[in-house]
Each structure stands twice: as C-alpha cells, then as structure tokens.
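Structures given as structure tokens follow.
Below are two complexes that have chain A in common, paired first with chain B and then with chain C.
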Partner chain A sequence: MFVGTVVYALINSVILLLMAIGFNLTFGISGVSNFAYGAFYILSAFVTWMLMNWIGVPYFLSAVLSIIFTAFIGAVMYRFILIRVRGQVLSEVIATFGIGLIILEFFRYLGFVGIEYSLPVFIDHSFVIAGTYVDMQRILIVVFCIVLILLLWLFIHHTSIGLAFRGIAQDERTALTFGIDSDWIAMLSVSMGAALAAIAATVVVPLGTISVGEGYDVLINALAVCIIGGLGSTGGVIVASLVVGFAQRFTDTYIGPHWTMIVSLVAILLVLIVKPSGLYGKQKELEERI
Partner chain B sequence: MKKRKERIDRGIKVRSGDIFALCSWREMLYLSGPRLFPLIACAVLPLVLDTYWQRVLLSVAIFGLLAISWDILAQSSMVSLGQALFFGMGAYCSGAMDHYWHLSPFITIPLATIMGGVISTILLLPVLRLRGIYFAMVTLIIPLMLVRIIEATKILGGTEGISGLTSLPSHWIELYLSLAALLAALFGFRRLMDSDYGLVLKGINDNDRSVMNAGINIYWFKAQALFLSSAVGAFAGALMTHVYMFVGMPVFALDYSILPIAAVVVGGGGSLAGAVLGAFILVPLSEALRALGGLRIVFYGAFLVFFIVALPEGIFHFITRKYHQFERWVEVEK
Partner chain C sequence: MEKRICSLTIFLAFVSVLASPFVAAHAADPIVIGVPTSTGFVEGKEGLAVVEMAVEEINAKGGVTLGSEKRPFKVESIDIRDAAPGVPVPEALLGLEKIILDKKPSALLIGPFRSEALLAGMDIIAKYKVPMLGTIAMSPASEAKIKKDPDKYKYIFRTCLNAKYLVKYLVAVMAFVNKEFGFNKVFIMNQDVAWARATADLIKKHYFDKAGWQVVGHEAYPTGTLDFSSAMMKVRAGGAQVILPIFDMPQSGILVKQWNAMKVPALLAGFISPLAGPGAWKTFDAKIGGAINVNFELGSAMGSPKVPCSMDFLAAYEKKYGKPMEAGHGPAPTYESVYILAEAIERAGSIDPDAIAAEIAKTDRTGVMGKIKFDDGHQAIFDMDPKDSAVACVFQWREDGKRVNVFPQAIADGKIQLPAGLKPVK
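Moving on to the complex of A and B:
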C-alpha cells in the first residue's frame, strides 16, 4: 500500500506539473496571469473530440490540430483583449477569467456533458509495479512530461525566441532597447502557455472524461502549484508539484478524501503567509510585503 | 486639419461650487439631484415592483453592500478576491446565534455584524503586510478552505447547513432594512473616505511607505479599514441568513466574491457610488438573462470582458464626467 501510494503520488505530481507548466511559463515571461488557462485545457480536449467524432480525423492528427488551434486562440486573446489591459494585474485577471467563463459555460450550454465525451488512451495496456497496477497511459504521461520539460529547457536556452523570452522576463524596457518587440514576444508566450495547456489536456484527459468542471479544477491546481513553487520559477514549480502531489495522495490514502483539498489549500496559505513569492520565487521582497 | 476633443466644466458646475449655489433652485437641484435620486429611488421602487422583483431588489441591496465593502478595501490598498469570507462569517454568526441561543433577528444581525467583522479581521491580520496580488490570493483561498473544513469536520450543520431559522417579521422590513443599510453605507462611507481619516487610507493605497514616513502606523489603519469593510459584508450575510431562513456552505460560494468585483468593474471603483450603480445594473441583468439558462454566464463573462476593455473607468465616472463637463471638437494648433 505504501509503495503503491508513492507510485501514484509520483504520477499525480507529474500530472500537476503538466497542468501548471503552461500557466507558469506565461506568467514568468510576460507577467500575464492567464485565468482562462483551465478553459484552454478543456477547449483543446473538446476540439480534439469534435475533430475525431464529427469529421473523422485520425486521433493523433486531431490532437496536433487542436493544440495548434488552442495556441491560435491564445494569441488572438492576447492580441485583441489582453494587450489593452496589459500591466494592470486586476484587469488582466478579470478579463482572462471572463474569457474562461465564456468558453467553459458555452460548452456547458451546448450540452457537452457526459461520459461519452472522452478521448482514447494511447496504448491500452497495464503493468504491475511493486504490487500495484499502473496503466500504460500513466507511464507515458511521466515519460512525456520529462521529454517536454527537456524540450522546453532547450527551447528557452538555445533559441533566439527563447532568448527574447528571457529578455522580456528580466526587464521589458531594456529588452525593447535591444530590438525585441515585447508585445509580439508576450503574445507568443501567452499562445505557448495555451499550447502547453492543450498538450497537457491531450495526454491527461484520456485518464478520465472531458468535463466542464474540470476546467476550474485545472486552474485551481495550476494556481496552487505555481504559488507554492513561486510564480514564474520553473524549478520551483517542479518541486511544488512534487510537494502538492505527494501531500494530496497521502492524505487521500491515510486521512480521507475530504481532507485532500484542505491540505493543498493550507499549504498555499502557509506559503503565502511565510514566503509570499513561493519556495523559489524571484519577486523582490518589497513587492510582496511592506 | 486635425481636431481634438476638449473638455470644459459646465457653467453650472462652476457656479454651484461656491456659496452662489444658493442663488437659484436650478443650481441647488444640480447639486442635490444626484444625491436625492438614489434616496427617492430606494423609497419608491419597493412600492411599484411586484413580489418577484422585490426579491431582486433585495439581492441588489445585498450585492451593493458587498460591492461597497470591496471598494472600501480596494481604496485602502487591499484587493480582495474573497468577499464571500465576510458574507459567510456574518451569515454563520447570525445563523448559529439564532439556532443555538434562539435570539431574535434584531439582536443577531447587529451582533453578527460586529462578530463577523472581528473574526474576519483576526483571520486576515497575519497577512496585513502582504501587498497586491498576494493578499488577493489569500482572500481567495480562505473561503474555499473554510467550506472544505466545514465539510470535513461537520461542524455548524456540516454539508446540510442549519435550516429553520427565524425570519424577519415581514418582507417589507427585510427590503427597507437592506435598502436603508445600503444608502447609509453609501453616504456614510463616502463621507468617511472624504475626511482626513479616508485620506490616510487612500494614501496607503497610493504610496504606503510615504505614509509610514509620516509617522502613521499603517497596519493599524489597514486593520481598521478591514474591520469596516468586513462588518459591511457581515451585515449583508447576517441579513440574508434571516431572509433565506437557512445558513450553509453556499454562503462561502464564489458568487459572493465575483459579483461584487464585477459590480465595481462595471460601475467604476474608487467612489462607492460606482459600486452601488454596478450592483443595480448587474443583478437585475442577470435576473433578466435567467431565461437564457446556461447561456447567462456566457453573457456575463462577455459583459465583464467588454467593460474591462472598452470602459475601464466604469459607468459612474463616465456619467459624472458628462454631468459636470461638456465636450467639443477644436482644431489642433500648428
């Protein structure tokens, strides 16, 4: 039981990490807190589903198409809405939250509710690891997540767009003087964040069904992990997803499922009180408290 | 031939800014009209509306109070995403006092207002030093957590809540009490924010360190502002408990946090009147959209995005400007 819990806690952490990485990327680069993140997650899952079941596109092609589509929607959201409220944190939050509401509730209105809305697993197979059943999809998620993190790291550190990303993350005005178009790069970062949400959806959603409520849960989980790790710090997000993932699984197994959410909320609260910018946050002391 | 828009104060505004306001009825009406209008509206509206819209008016007043409470906090540099905390505290305090001690609503409501305010202030006291988005996150999380704790420990009725509470003697009392509270909070706190005390609070919002530099203990002032605001929220909660004759986990729902913010966004922040105006627009609108079913929230979201992008100052400031100033196109000089 203990080993099984550890295995599932690890997988849970990886899922949390996948869900949070896009939110974190967008915030770390452009400072936009994208509250439509959960909506993008669900949007891409539904787009994949629609492409597969209404038009008959093969699964992998439709997944790729939906990731591209979600990235496009993210870019459009930045170009037409966020650009006007850029820098006003509260307005950004309200605008993106409003967009998230529009997307999610529109799907609910159209009646996309039920177990028939699910995506197939990649390979239907399961293993026994240390006496626990683990299915192939969960193993794939772990592998996929590691590859994704490596690719992201390479992208951020060894391409010119990655350099521009790091540039505007450090200082937007200085980056402007070096000829980096900060609006364009910020748009790319929002769109990449949306694409990462879509990627997370593609690999994680086959574990369950696509439900509108999941969109809000994804947002809350992403927020929790990012706050604990420190908004905008990738290392912090990895550590925090491990902390939250293990804490959730262990309370679920040993204390009771009612307490799962309380544990992560208490963790967030404590981190906010003691060290507001998170375990590995890079915010300056005076910006967080007086 | 380029043109630009020029804004000039209306003559009547200049005339009525001084003792000359007393020179004619027109000037006096110009000054008192905007202040009398909400008074008259609140006195007359309950009499002309049917029962269903009277309920809507009641929730307008409740959300107006919450929006005022949000705006007071925001003006003293604390952006809150959890008005539901104040609302829920008031609601549970009055509900519990009614259920366990069988006190009359006329005692529980004022008591719950004070108690809810004190408890919320104490809960938030450790994070008074946090600024901006960090404070907002804490306020967002506390109500979510309280719901889960009530669910897990089953205190105060647990998931079922406490039902069968005493109601107020008649629905006229409910309605007029809430409207009177709304107006009292609106005019009272507007006056407070214009006084020297309010100036300190606004100063904390503009530049906290320079207020500290002036030898003022900003944490003491922030705690007071927090108490004022949470007491307003708690009053709304306490009143609503006796109207529904029920208190349970829904009092910590996200609606009570989001709608007040939306009202301030639509109406315009920083004036309290904008908050009330926003509530008067949004709550009836959401009732009118009820026929659309699920699409209602979609419209709601679209409305929020539209206002944030197109009219970020809010309706109230827009109207104020039109009321005080006129605009004309003039040629740009070379």
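Moving on to the complex of A and C:
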C-alpha cells in the first residue's frame, strides 16, 4: 500500500501543479492575483463540452479552440477591466473575484448543472505500476505536465516575449526603459495564465465531471500551493505541489480522508508563521529580514 | 306591461353580456402552486420540470374540479438556493416566505433541500397555513415535529423517501447480498456531511454490528474529494467483498471510475447520486458496469415494467423535454404530489388550507412510485412492494450500459452480477 500511495501522491502533486501553474505565472510576471482563475478552468471545460456536444467539433480541436477562447477572455479581462486598477492589489482581487463569480454563477443560471457535463479520457486503459493499478489518463497527466513545464521554461528563457516576461517580473520600471510595454506584457501574462487554467482543465476534467462548484475548489487549491511555494516562484510551486500532494495522499491512507482538507490549510498556516513569503517567495523577504 | 318586460329583458341581456367576461375570468381563476426549490441543482431543476408537466396534463383535461367549476393550476417558482454550499438557512427561508406572500399559492411543492431549512421553514408554513408536499429534504426530525404538534404542522407532508427508509433499503440490500453470496466484509465510504454520516452510522450500528459483518474500514470524504485511490487500496488490502458508498456530490462518480480502473474485486453497492440516470454511462466513460445504486423513489430516473405508469412517466418526460431524466431523488414524488394535491382539492371541494391538508392526509393513490399513503408523521410509507406502498428501486449497471432492477424483489428484473475476481463465498 505504501508504494501505491507514493504513486498516487505523485499524480496528485502533478494535478495540483497543473491547477496552480497559471495562477503563479500571472502573479509572478504582472503581479496580478487572478481570482477568476478557477472560473477560467470551468469556462474552458464547458466551452470544450459545448463545442463537442452542440456543434460536433472533434474533442482535440474543441480543446484547442477552448484554450484559445479562454486565453482571449483573459486578455479581454485585463484590457478592459484590470488595466484600470493595475497596481491596486485589493481592487484587482475584488475585480477578478467578481468576474469569476459572474462566470461561474452564469453557468449555474443557464442550467449547466447535473452530471451530463463531462469530457472523455484521452486513452481508456489501466496499467499496473509497482503492483498498483493506475489509469492511463493519470499517467498522461504526469507526462503532459512534465512536457508543459519544459516548454514553459524554453518559452520564458529563449523567446523574446519570454525574456520580456522576465524583465517585467524582475523590475518593471527598468524594463520600461528598454522599451518593453508593461501593459502589453501584463495582458499577455493574464491571458497565458488563463490558457494554462484551460490546459489544466483539458487534462484533469476527464477524471470526473464538470461542475460549477469545482471552480471554487480549483482556485483554493491554486492559492494554497502558490502561498506555500511563494507567490510568483515556479520552483516554489513545484515543491509546494509535491509537499501538499504527498501530504494529502498520505493523510488519506494513514490518518483518514476527512483530515485531507485540513492538511493544505495547516501547511499554509505553518508556512505563513515560519516564512510569510512562502518556501521560495521573494515578496516579503526584506521585511522578514528586518 | 309588455313594454316593461321587454325593457327588463333587454336590460338583463345587456348586464349579462357586460358581466360575462368577469364571470369567465372568475371561472378561469387558476389555483397557484408555489415551487420553492434549488433550481440550480438537477433534483430541483427536474422537479420543477415535472411539476409543469403534471400541471399541463391536468390543465389539458380542464383543470381541477372545484364544486361545479374546473380551475386550472398555475405554477410559480422561486430559487431558494439552499442546496448550494455556504447559503445560509435564513436566505432559503426568505425565499420561502417571499413566494408565499407574493404569489399567494394554495400549496407548495418540493420545498427545501436541506433538512435544517425544512425544519426552520415548517414554522413559516404553519404561520401562513399553506399545505406543502416536500420531496427532497429527508430528515425524520420533521416527522417528529409534526407528531409533537400535529395541529400546528398539519400542513406539511413528505412524499419522497426519508432517511429512515433509506437506511432500511440499504440494510435490506446488504442482507440480500449476504444471503445470495455469503459476503460479510464491508468497507463503508460516505461523504462527510450530516445526512451521509448519520446514514452510514445507523447502518453500521443497526445492521453490520448485529449481523456479524466485519467492517474492514469506514471513512468519511470531504465534499469535493477528487481521488479515492487510498480507499481502493485499503479495500483490496483488507479483503472487503462489498463497498458501501453514500455520496451525493458530483465528484463521487470518480470513485466508481477508480473502482473500475483499479480493478478492485469488491461489489460496489450503495448510493452515489450521479449514477442514478441513464446519462451516467456516457458521463463516466462506460466505466460503471457492475455498480449497484439505490434510486430513492421508483420513477425518479428509473422505472420498472412491473409498474407500467413509472415507464410511461419517464417516456413522457423524455418526450416533453427531449432528454431523459437524471435525478434519482425527487422527480417521481414531485409528479405524484401534483396529483395528490389535485385529488385532495377535489375531495375537499375548496382551496381552504385546513380542508386540503385534511384530505392530503387521507391520500390513497397508486402512481409511479407504487401505492402512496401517509403515516401519522405525514411521511409517505415506503416498503418493498409497489402494490402495498411506495418503493425505492435498486438497480445494477450492466456492462452493456443498461440498468437492471435487482431489488426489491417485487420489481426485480435480474440478479446481481459480481465483478471480475469476486466469487461468492457460499
């Protein structure tokens, strides 16, 4: 059972990482806390579902179109709303959370409730890994996540937009002196964060069903992982995903699943007490030293 | 004289012509049915749909006979949102009061989802004296309240299954499995919410502990849990022959998919709400073959050829709304409630709430759930034969995507099939 728990803990960590990486990227680059993140996740899943079931678009094309659409909505949200409150953290949080609520509750209002809303798994098969049965979708999630992280790294380090992202993330004013348009880059970062939420939905949603309530759960998971890892730190998010993912599954197996939700919260509290900026965060490091 | 008679005749004719629209309007005054429910949830959405369906059927026949006239039903609904997590009970109560005051309904149907909202709402209903046929909230505490003060709460009835009857059905299924296959090792999994915890605890206390079953594990899962792999590994390691799940969250379908994907050699038999309707087969990628589910009422997303009107009801719903019913709790008793109300009004001969309530209490009707009668706590009586009482239905998903009733025996169309790797022990 120990090995099986390790296998599923690793998968759980990867799912948490996928759920959090977009939120973290947006915050790390533009400083925008996108509280509509969970809503983008659900928006993308429903759009994929609608394209498949109402128009008959093939699954993978639906997923790609839905990711593009979600990225577009993210850009629109920045261009018409967030740009007006950029830098005012509380206003950004209220604005994005409000937009998220509107998106999620609009789906509920339209009647998107029930269990008929689901996406198919990519490959329908199970494997035995170290004596434990694991379905192919979960294995694909792990592979997909590794590839995605590598591609993100290449994008950030070896493309002009990626370098502009890093420039803005390091020092916005200095980046401006080099001719980098910070609003354009911030819009791209929000849009890319939304696209990453959509990508996460595409691979994770086939494990269950699409439900409006899950939008809130995804946001909470993303926040938990990002706060523990340190807002804006990709390495921190990876480590935090592993910490939370393993803690959750081992709590499930050896303590009891009703304690699982508490694990993330206790981890957040402990990290905030010991290192308020998170495991690898830089936001408050100076104040902490003082 | 002749001139006077002629003038009077013309005057009367004139008055009757002028008054006729008012007379007609009065004759057509609808009887308002209020439907306060959580329309954002499938049970509420489909419940409201079947109210409209039943009302259409009744109105197509002219409406409800009230004395010498026929009056149509009219449906007014409000979303009281009490099923949504985090919505406080007072908000649901405000919705309940609003529909009573604004729409002046002669009766309420469906009502709150959460029992605490129902229990608190009972005082509002008693205050305004509006008969209510509840079809979702399941706590027997409402019956106790009615029995304690029957005069005050005489307006409140429950047509759906209550928690006691759910326990009775689940215990009966476990006893049936024990008798058929000799299984006596169970792993209990329930959602970490009050009703599911209470149901699981009652089954353990009143059946498993007394009947000599070994409870290999008993775990509660928070709403929103996305991974049940640990439990599946524990089931395998502990040698459990039966998994008893009790869940009503959408994510609980993941449990069934993992049970299938991890090829766990145990019979999955209990209540998982997303498995109730025919859409579950597609939703869960055809990975639910072998799972046994309790639908709370016959007719709610599952009928039986042995009760033909349950099949007719489901066919009529699909024809009207273009898709099959999915909620395994609520629609059938809600549909029946409209007819119970219509019959009670006709017997009472008025829409006086006391008269309607008195007649509802005398209900003796055979419909899609079987025979409906209320006990002294105003709870519809459920048992094992639709000829004598209302029934729930227990069905098994088969590998070909069909659902087959396996219990109670009066409506069973097939026998339970065991999953691969699990053999009977007797």
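One rule holds in what follows: the second predicted complex is superposed on the first by the 284 of 290 C-alpha atoms of A that agree within 3 Å, B and C clash if a C-alpha of one lies under 4 Å from a C-alpha of the other, contacts with A are read in each partner's own complex, and residues count from 1 in each chain.
What we mean here is this: a contact is a pair of C-beta atoms (placed from the backbone, for glycine too) under 8 Å apart; a residue touches a chain by one contact, two chains touch by 3 or more.
It should be emphasised that the depicted structure is a prediction, and the values quoted were computed from it without experimental measurement.
Q: By the touch definition at the top of the document, which applies to A:Tyr8: first (chain B), second (chain C), both, or neither?
A: The answer is second: A:Tyr8 touches chain C but not chain B.
Q: Taking the superposition on A as described, I'd like to know which of chain B and chain C A:Arg108 touches: first, second, both or neither.
A: Both partners, chain B and chain C.
Q: Classify the contacts of A:Ser126 with the two partner chains as first (chain B alone), second (chain C alone), both, or neither.
A: The answer is second: A:Ser126 touches chain C but not chain B.
Q: Between chain B (first) and chain C (second), which does A:Ile55 come into contact with in this model arrangement: first, second, both, or neither?
A: A:Ile55 sits against neither chain B nor chain C.
Q: Scan A:His258 for contacts with chain B and chain C and give back first, second, both or neither.
A: Both partners, chain B and chain C.
Q: Which partner does A:Leu269 reach: the first (chain B), the second (chain C), both, or neither?
A: After superposing on A, A:Leu269 lies in contact with chain B but is clear of chain C.
Q: Show which residues of chain A both chain B and chain C reach, each in its own complex.
A: Common interface on chain A, chain B vs chain C: 108-109, 256, 258, 261.
Q: What part of chain C is in contact with chain A in the complex they form?
A: Touching chain A: residues 40-42, 45, 85, 192, 219-222, 224-227, 229-231, 233-234, 237, 250-251, 253-254, 257-258, 261-263, 274, 277, 279-280, 282-285, 287, 326 of chain C.
Q: Enumerate the contact residues on chain A facing chain B in the complex.
A: Touching chain B from chain A are residues 33, 81, 84-85, 88-91, 94-95, 97-102, 105-106, 108-109, 223, 227, 256, 258-259, 261-262, 265-266, 268-269, 272-273, 276-277, 287-290.
Q: Where on chain B does chain A make contact in their complex?
A: Per the stated touch rule, the residues are 79, 126-127, 129-134, 136-138, 141-142, 144-145, 148-149, 151-152, 208-209, 212, 218, 261-262, 265, 293-295, 297-298, 300-305, 308-309, 312.
Q: Within their complex, state which residues of chain A touch chain C.
A: 1, 4-5, 8, 12, 15, 108-109, 111, 113-118, 120-121, 124, 126, 132-135, 206-209, 211-214, 217, 248-249, 252-253, 256-258, 260-261
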